[in-house]
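You will see chain A twice below: alongside chain B first, and alongside chain C after that.
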Partner chain A sequence: MSKLESEGLAPASETFSGAGVALPVQRHHHYSLLTAHDKVLLALMVGIPLFVFVILIWITTLASIVLSFTDWQLIGNWHWVGLDNYTQMFTTYPFFWTAVRNNLLWLLFFLGFATPMGILLAVCLDRQLRGGWLYQTIFFTPVVLSLAVVGIIWNLQLSPLAGNGFIDSMLTGTGLVAPANAPNWLGESTPLFGLPFPFPPLGMISVLIVASWRHIGYIMVLYLAGLKSVDPALREAAAIDGANERQTFFHVVFPVMAPINRVIVVVTVIEALRAFDIVWILSHGKEPLQLLSTLIVSNALSESSLIGFGSAIAVFLLLVSLIPIIAYLTRVMRSED
Partner chain B sequence: MTATTFAGRRTMAHTARRRASRIGLHVFLSVLAFIFAWPLIYVLYLSFRHYGEIVLNLNGPFSLPDNGLSSLSLDNYTYLINNADILSYFWNTVVITVPAVILTLFISSMVAFAISKYSWKFNLLVLMIFTAGNLLPPQVIVIPLVRLFYAIPLFPPLSDNGLLYDQTIGVILIHVTFQTGFCVFVLSNYMKTLPKELNEAAMMDGAGVWTIYSKVILPLCTPAVAALAVLESTWIYNDFFWSLFLFQSGPKRPITAALNNLNGTYFVDPTQLAALSVMAAIPTVLIYLLLQRFFVRGLTLGAAKG
Partner chain C sequence: MADIESALKGQVSRREVLKKGVVGAAGLTVLPAVLAACSSTAASPSPTPTPAATPTPGGATPTPGTATPTPAAAVTGTFHLGNNHSDPSDLKGVQAIDAAFIKENPGVNIVLNTVDHGTFQDQINNYLTTTPDDVFFWFSGFRMRFFAAKGLATAIDDVWATVKSNYTAGFATSVTGDDGKVYGIPVDYYPWCVFYRKSLFSDKGYTVPNTFDDLLTLCAKMKTDGITPIAFADKDGWPAMGTFDILNLRLNGYDFHVGLMTGKEKWTDAKVTSVFTTWQKLIPYYTAGFSGLTWQQACDTLVRKTGGMYLLGLFLTGEIDTVDTTGAAKKDTDFFPFPYMGNSFDAEKSLDAPIDIVMMSAKSQNLQADMVPAKAYVAYWAKGTTQLLMYQANNGFIPTASDVDTTKLDTLTQKAVQVVSAAQKITQFLDRDTRPDFAGAAGMQSFLLKFLATPTQDLAALQKSIQDYWDKLPAFGG
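And now, the complex of A and B:
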């Protein structure tokens, strides 16, 4: 509070005025307009929510770091174990690297397929097609569904259980595939006859397709809004110069959309790291299908209570997540200046 | 003369090409739209069928109703409503979502107002703290958060077990906190676009901070607040991560978490599961169809800056 008073509260407009010389006088002028009561009120308006936010989000983040250096398991004594959890995570715990691979795969699949697909749909729908709103509504509907619902809906497509999954029932029902050979779309086996570790299990590929089902519509809407804000004069100019639609998009529209493109890449990276629900629901606990986020929870909260070990995985996820978060914030900060 | 004909022919060829490309585009989009809609169409169809019919029929879910349309019914829905306590789970969702959305918008609009309308050394830092926190994967903080909720004492009527853990109020609290991060970001960007003269004029008229917030700035933010209300209602309704790990007991959980529990069990009638997921999907799909504009605006407001 004392800091607040000493700085004074002037309307934000002045920081943007850039009139360096006139500033101090102006500041003082407006400063006097705020009563002590107003200043206290403003401090409370920010202070109370900030306090709760810092405790629940940032202090718990720090607590994860502290817990990762312990062997706490909820019952019995706990000790400081230094980097033991991390050593175990990196060396003897086999599912950590599987999860890292799956997260990487998620990122590559989204950056290489789902996000470009969303952009492509946005570009198609931006052409004022008849019935365009209907396409847009259909493509976006999966985004508004709870992942719990998405999980059930896709389980009813992919489940290998006879009578439960549509795809296998169709394959065996029409006689295309013998019931014994019906693929387990949510299984751990690799589709190409047991290729070694780096190749993803079939279940992971299915999960990625389900995740894309939601991600494509999301990106489409973000990008469509960006496209609508592009100055039509630019396109007209390109058309007059004889550019076709493809050339116009890649050489005129896409470069103008640079800020949106960056946002979309960051959103994609963050989504790939935050992914949890779909895997949690569809993997049914199969280890080869896990992500870092689900490993944290299964180690520390659901199946066992390895608080220390789970926290070490959480810290790893935190450090990786900070890369896109900082990249994003740096952009925001730059546009503030 | 010849030049005009030539140009005319060129335009005709051009139009024909354009029309062909339009048709191609429609074919592409229709096929894709069908693939997108298929799982939804199927689950809706399945929800009206009878398990017995699917099992007896060798083709399983692929089969058509045997007795024509007569075998389709609302039986699964009536069964679930009468036997599975579905309405109480829906009520749990309402009890979490409504207060959480209102509190989130109230709190974040105050924070956004204070940091966007008054210059203060820490404005940017405060914005960073909220925005960055909102972008963190929730799994990074969930372990200590569960312990923290166990450690915070809370007394009746706020809590029936003396803790913040396993309480509706605890789940509301974490929703409000997490979502405030996003809403502060969106609303402060929005408020910065409002003309600064409004603030100054109100101050000259002797209006206090609270009056400026509630009578001048907040009414002008109605478009952004409405968009966020739609978006946040959907997100909080859809959540099941927090309710899975911050509730211990089943009866307090919202519909989404209850749904997930059922999904884990293997011996569930798929037609009932389908009906259940249709019921859980209806509120958000309805909100989306009715308020599509708000939805899209809310999402784009969040990404506009960058």
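And now, the complex of A and C:
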């Protein structure tokens, strides 16, 4: 609040005072520069968002933490169970580790493939290609589509042969793959190439490709906006110095884009941690496609109503999510100082 | 865990009761004979018993003439109906019944709230505790008693008193809560059997397998003929439970199965291992990619005759009709009870045959205002003519009312009635016989998918993780 007052309010009061009346800049306890109307307005503008924020974020977060130490089931009695939910989660509940594996895989795949692809597309489109707007639209379309539509589209593509899936029908119809070997893109939980846990099943790879389909377009637009703001003089200077396209990008443009790059990394990490919708639509997060988020929902919000156990998983996800957020915020604050 | 055992025990004894005394009764082709028995245990402590409605002791079939409830005077008002019959054919059935009800009661307005079947189930706890509709469709057995015991359902003994003469005692026990009050009206039921196409069997010279070994031989033969022997799909998570149930019932018997569902028996038991090792023999004959298929997609392979046999509930005939609107495929469909193992449990002839019910919520904001038309509507579902409307929309749902016009039921349904009547023991289905928090997507559904993904995995480790999950569930009702 002190930051708000010193940076936000003080200059505003100076503007008012600029009308000719000399008023002291520092504020006194009994003498305010704000009219009653201003105060009401301010209280509303700060109070309402704060109220919503506290109710929707802080109270619910704290409630989740408290609930994670109980065995509450929405109806009936509940008890404090100490760390039981956490020990169960880490020791005997096999799907927790499947979910951790899948979330990690999601993160690695996005950082190593989807995000770089989005950046690459942005760089290409930034070069004023003929019909660039068309490509831009095509790549961005998946981001605009509603998730229900995405689910329907990919269910149709990825269904097994017996379910008339498009990809399998095409593969077998053209004779590329024998019907007996048609892959089960979504449901296949048999380890890929026979590799044991923690290697991912084919179903997870399919889901990651579907998720990338949206993520690439999202990153592309974010990065493209950043590229547009890069001073063209920098590129010209680099060109005059004899740098080629690649050198210009890596040594001039990329470093200048540092703030955007950080945002992109944070967005990617957060996307990987909060991944939920596509998996939920495609399989409801059942074995072997569990994510931490789907486990929270299927434990806490389904007919199971294991709210205590689901909350414990949610608290774990919260703690993990705080790592990139805190890292980002400390960087931002430090650079501001 | 002691309290869950006692909580579920009531169910055990009632279910036993439900099944006994049916076999051997003559005239099994008559639908009302199903589950007719044991009226001595029918618990309906209604303060105003109607003498004419008292069931005859000894399992006699109520006479349709006396069974029909006296038509009530037309009611008026609005009530809210939570409808989980979201499949197109089922929804049509509900709409037809609503229209018929409004025709008889022109002053009634039904606010229909149709929710996807699976979503409705996922949200049931939240739904019943917050803003439920006045009337909703649900499942009998443990799942009904669970909510009744939590005070989330309204007892409808007064409604039951007017319609109970139209039900056999077995059905009465299926809607009775732990407190002895009635919380639902049975609207339909359906057995789980192995379905097949008659023409495929006659063309290829296959015969219906009676033993498990016969089944394996037939599967091998079908495979060489280029047919997928067993249609199977488990993307939905619950269909695999049907196979677990029947294998456990056949291999280890009804008592062990119920003990397992209620926590009396352990999942680490060698008997459970035998279920999984027996199941391993069937999996090579399943539809390729079954974990990515919905039950409807697997059913379609039966219609296209690329799949040979399919263990599912009778409701699959609705899907067959959806795919083949000419009705030819359904006429060509037949079924047999899951083959026997050649052990002492063969005589039980047990199977899953879940009963669906219509209930009234307790927390609906409008309940008091809507009570009269809501109760009239619930009572309306107890009539054979009402249930026939649903049956005509989806032949998979067998009517439960005694006064139903049996001539309107097709031969497949008649046969289903016989198979259920012949069963000594009937279970409701894994996710209706055990705790909902155990059976869900993050629990048993995923454990079974894990098994199906790698059937030859370390079964002891798998069984231990299932038992661990059970042991960690919150104390029941305590």
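Things worth noting here:
In this text, the second predicted complex is superposed on the first by the 283 of 337 C-alpha atoms of A that agree within 3 Å, B and C clash if a C-alpha of one lies under 4 Å from a C-alpha of the other, contacts with A are read in each partner's own complex, and residues count from 1 in each chain.
By our rule, a contact is a pair of C-beta atoms (placed from the backbone, for glycine too) under 8 Å apart; a residue touches a chain by one contact, two chains touch by 3 or more.
What you see is a predicted model, and the numbers here were worked out from it, not measured in a lab.
Once the two complexes are laid over each other on the shared chain, residue contacts for A:His79 go to chain C alone; chain B is not touched. Once the two complexes are overlaid on the shared chain, A:His284 sits against chain B and chain C alike. In the superposition on chain A, A:Leu301 makes contact with both chain B and chain C.
Touched residues of chain A were counted for both chain B and chain C, and B has more of them. When the shared chain is aligned, no partner comes close enough to touch A:Arg246: not chain B, not chain C. By the touch criterion defined above, A:Thr174 reaches chain B but does not reach chain C.
In the superposition on chain A, A:Ile152 makes contact with chain B only, not with chain C.
Of the two partner chains placed by superposition, chain B and chain C are both touched by A:Leu161. On chain A, the surface patch touched by chain B in one complex and by chain C in the other comprises residues 161-164, 284, 301. Across the complex, chain C meets chain A through its residues 121-126, 128-129, 150, 152, 228, 234-235, 237, 287-294, 297-298, 300-301, 306-307, 436-438, 440-443, 445-447, 449-450, 452-454, 465, 468-469, 472-475, 477-478.
Touching chain A in their complex are the following residues of chain B: 22, 25-26, 28-30, 32-33, 36-37, 39-40, 42-43, 46, 54-55, 58-63, 107-108, 110-111, 113-121, 123-124, 126-133, 135-148, 173-174, 177-178, 180-181, 192, 196, 199-200, 203-204, 208-210, 213, 234, 237-241, 245, 256-257, 259-260, 263-264, 266, 270, 273-274, 276-277, 280-281, 284-285, 287-289, 292, 295-296, 299-300, 303-306. Interface residues of chain A facing chain C in the complex, by the touch rule stated above, are 71-79, 81, 84, 88, 92-95, 158-164, 180, 182-191, 201, 203, 283-288, 290, 295, 298-299, 301-306, 308-309. Of all residues in chain A, those touching chain B in their complex are 3-4, 7, 9-15, 30, 33-35, 37-38, 41-42, 45-46, 49-50, 52-54, 56-58, 60-61, 63-64, 67, 121, 124-125, 127, 129, 131, 134-135, 137-142, 144-149, 151-157, 161-166, 169-170, 172-174, 213, 217-218, 221-222, 225-226, 259-260, 262-264, 266-267, 270, 273-274, 276-277, 281, 284, 292-294, 296-297, 300-301, 307, 310-311, 314-315, 317-318, 321, 324-325, 328-329, 331-333, 335-336.
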